[in-house]
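Here is the structure we will look at.
Letters A, B, C and D name the chains as they come in the text, with residue numbers starting at 1 for each one.
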């Protein structure tokens, strides 16, 4: 199982390339006015890093549950044709159950900004 | 790297344009000029172009912006009185020769090289901070928790002055905003948009500015689907449709400090862009006079 | 395997150049051929400036990771029968993992400068990038059904009779939605849009910015090659040799993606989130159900 | 080749796992953990589990992304601008770590591990699929229901918006007759705050 060796080599190559290229540009001294974050001439009071108020957090929880379920579908897809109608029915049920989750989430407004 | 420099010589000059009074229409006219490219952030630019008069109250803001162009950088004052002694002033209709010249220039910073707050060597680790959240680590304090207007989670509120030269806001509009996440919690208008005259309210210009924020050009907008992406009930669809038909918009916006809180950033920016600059200026001036 | 990888590495820069040309066509700027190269060279020679207290390591590496993900995604695409750089039996899942990691990398790119506009861009992108990934999972599973395998090689072989784009007509448009999301384009460009003055790259300049654009274009190439393979039969085709067919189909899909990115307007993110879950996701259910009924023996 | 890859990947997994507790930034910690999991996933691929391995990478990418969102959202000093110690209950955690490590090592070394080489070219994904649709069908369907319960639970606990408006504004349904009393069960007055609380 060395099929993963090639992707790893490609990752290393890409990173090496990117780091080398970033050494090309001219060097400048980073003065404080140069380093200030861009706000169109305005200034922030604080650092931008903060306890960021994510407005879609219920969606991410729904998403994780959904993603978990999707992982069952890959092996299912491989044996689908062999198993035939049973597989169709089973996955139909499975997806039906989860669609209820999406509908519920929609009704409760989790896809809006909180 | 000689071949790289030779290749780079033919490149378009990236220009960050600041539109002053009566400057919006001329800047929009530069958008399709070959030889230069208007960019959204000063970090991407080689030349700072100040088009139209900027009053002295904005001198510091302009100097800050100037410092954010990576050096070497140049400045061009186009139909504007220079606010600091760098770059070349152009009065005529074509700033391109001056921009070409500025692309060879190398202005020094206009602002003193001091951190926003002193921090070096302070605190237990020398990074200027104290404890978990205190002090000024690396020159700035950390944001602190505050009430939120939407979901009642007390997370950090980010307060900053946005503008007066942010490309997605009307030129000249400076707002003191408090954000929680990307939702605006409170708004104070610091300075109103610049006077743009009749040209600034031209329907095609207003529509093009709004459509640019939606990521498309005016040609794609002829398919009416573009209107569907705007939120219902905010009047944005109506106003953009009017502009696309070539009509003018004469609606008066609500005062910004009441209309913007509760809006998420993209909505707020689109809402502002859906009014002609003159109307926004009028409503901000009214507030300041009162 | 090594020959295929070398071919990819040699073919990627010209294809990135072509992607940059596509981006330039129709903007009325002229110099379609040489313009992107000149602008790229000029950008490489400019300096990158530090921001206040940035996450230096992640800022340095983010464009590289993005490029790496594009390369790994591209490497599962078979160039001709039996010629594939990463010969792994679960290629479709590996591609999915690259999509997921792209969201992480774009987030890091926006997080690392410690500046407000990139930060907002990063968070908005996560909101849209995550559910957009579900679409591609459904349509790629739809492509795996007739192949009875998760290997991309098998997916191509299963299209000898009939291409997946005919079996699963909704699949390609839905996959293109994901493509626009991972290449930060048009209606799905919540990371680097104009309403954030460049979003996650608003604070980048010089080589870092050039590389980010390079990686975006490389991701467009990777996505188009994958879409051509999963839906348009990949290297299959009469008369011409396989790699030429793959190249032609990839170019067509690149042009289509660029055009779609220019044509569709961007919604405010909350609206797009609802649209994704309530309209596009059920459509991808339907697409899978359709292909499921079709391939039943 | 495989051995060298295994050694490199396990070193990466352990090193980045250790870094999780040494960095100051929540974002770095989350993604260090992700790197660790990616290395473990790749080791699983080496162990002839190509689906489980790659799926681990896939899942961990999105899960660590979401974890980073929540960590930054709720932790003080999320970017580690002020240095801090990521570890709480230092001594206890060291002891727990030592006990867990020695216990697991003992389990690995002392138990009689089965030796069943996966035959070359075996299609393990297909076997997994047959398992899911055959003997483990009930487990599979139970997982569906469990995940639905998870979704509903997550929405109930975290969402502030509701069907009838924001939860702290009462989220009351409209009346059965126009202008009538709100339909449904009356919230218990004495119970104070009700269930929607948004995770303070």
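In this text, contacts are C-beta pairs under 8 Å (C-beta built on N, C-alpha and C of every residue); 3 or more make two chains touch, one makes a residue touch a chain.
Predicted model only: the values in this text are computed from it and were never measured.
Across B-C and C-D, the chain pair carrying more C-beta contacts is B-C. Remark: the per-chain Cα centre closest to the mean position of all protein Cα atoms belongs to A.
Centre-to-centre separation of chain B and chain C, using mean CA positions: 30 Å.
Rounded to whole angstrom units, the spacing between the C-alpha centres of chain C and chain D is 27.
Computed centre separation for the pair chain A/chain D is 14 angstrom, with centres defined by C-alpha atoms. Centre to centre, using the average C-alpha position, chain A and chain C are separated by 14 Å. Across the assembly, chain D contributes 45, 50-51, 55, 58, 62, 66, 69, 73-74, 76, 79, 81, 123, 125, 160-161 as residues in contact with two or more other chains. Touching two or more other chains at once are residues 1, 4, 41, 43, 68, 70-71, 116, 137-140, 142, 150-151, 153, 155, 158, 160, 166-167, 181-182, 264 of chain B.
Each of residues 44-49, 52-53, 88-90, 93-94, 111, 114, 116, 123, 130, 149-150, 197, 202-203, 206, 269-270 in chain C touches at least two other chains. Put simply, chain B touches chain D in their complex at residues 123, 125, 127, 129-135, 137-138, 142, 150-155.
Here chain D touches chain A in the complex through residues 1-2, 5, 42, 45-48, 50-51, 53, 55, 58-59, 62-63, 66, 69-70, 72-76, 78-79, 81, 123, 125-126, 128-133, 137, 140-141, 143-145, 147-148, 150-152, 154-156, 158-163, going by the rule given at the top.
Note for the complex: chain A touches chain B at residues 24, 28, 31-34, 36, 38-55, 113-114.
Against chain C, in their complex, chain A makes its touches with residues 3-4, 6-7, 9-11, 13-15, 17-19, 21-28, 30, 32, 34-40, 44, 47-49, 52, 54-56, 59-60, 63, 66-67, 70, 73-74, 77-82, 84-85, 88, 91-92, 95, 99, 102, 105-106, 111-113. By the touch criterion given at the top, residues 73-74, 76-77, 81-84, 160-161, 166, 168, 198-200 of chain D touch chain B in their complex.
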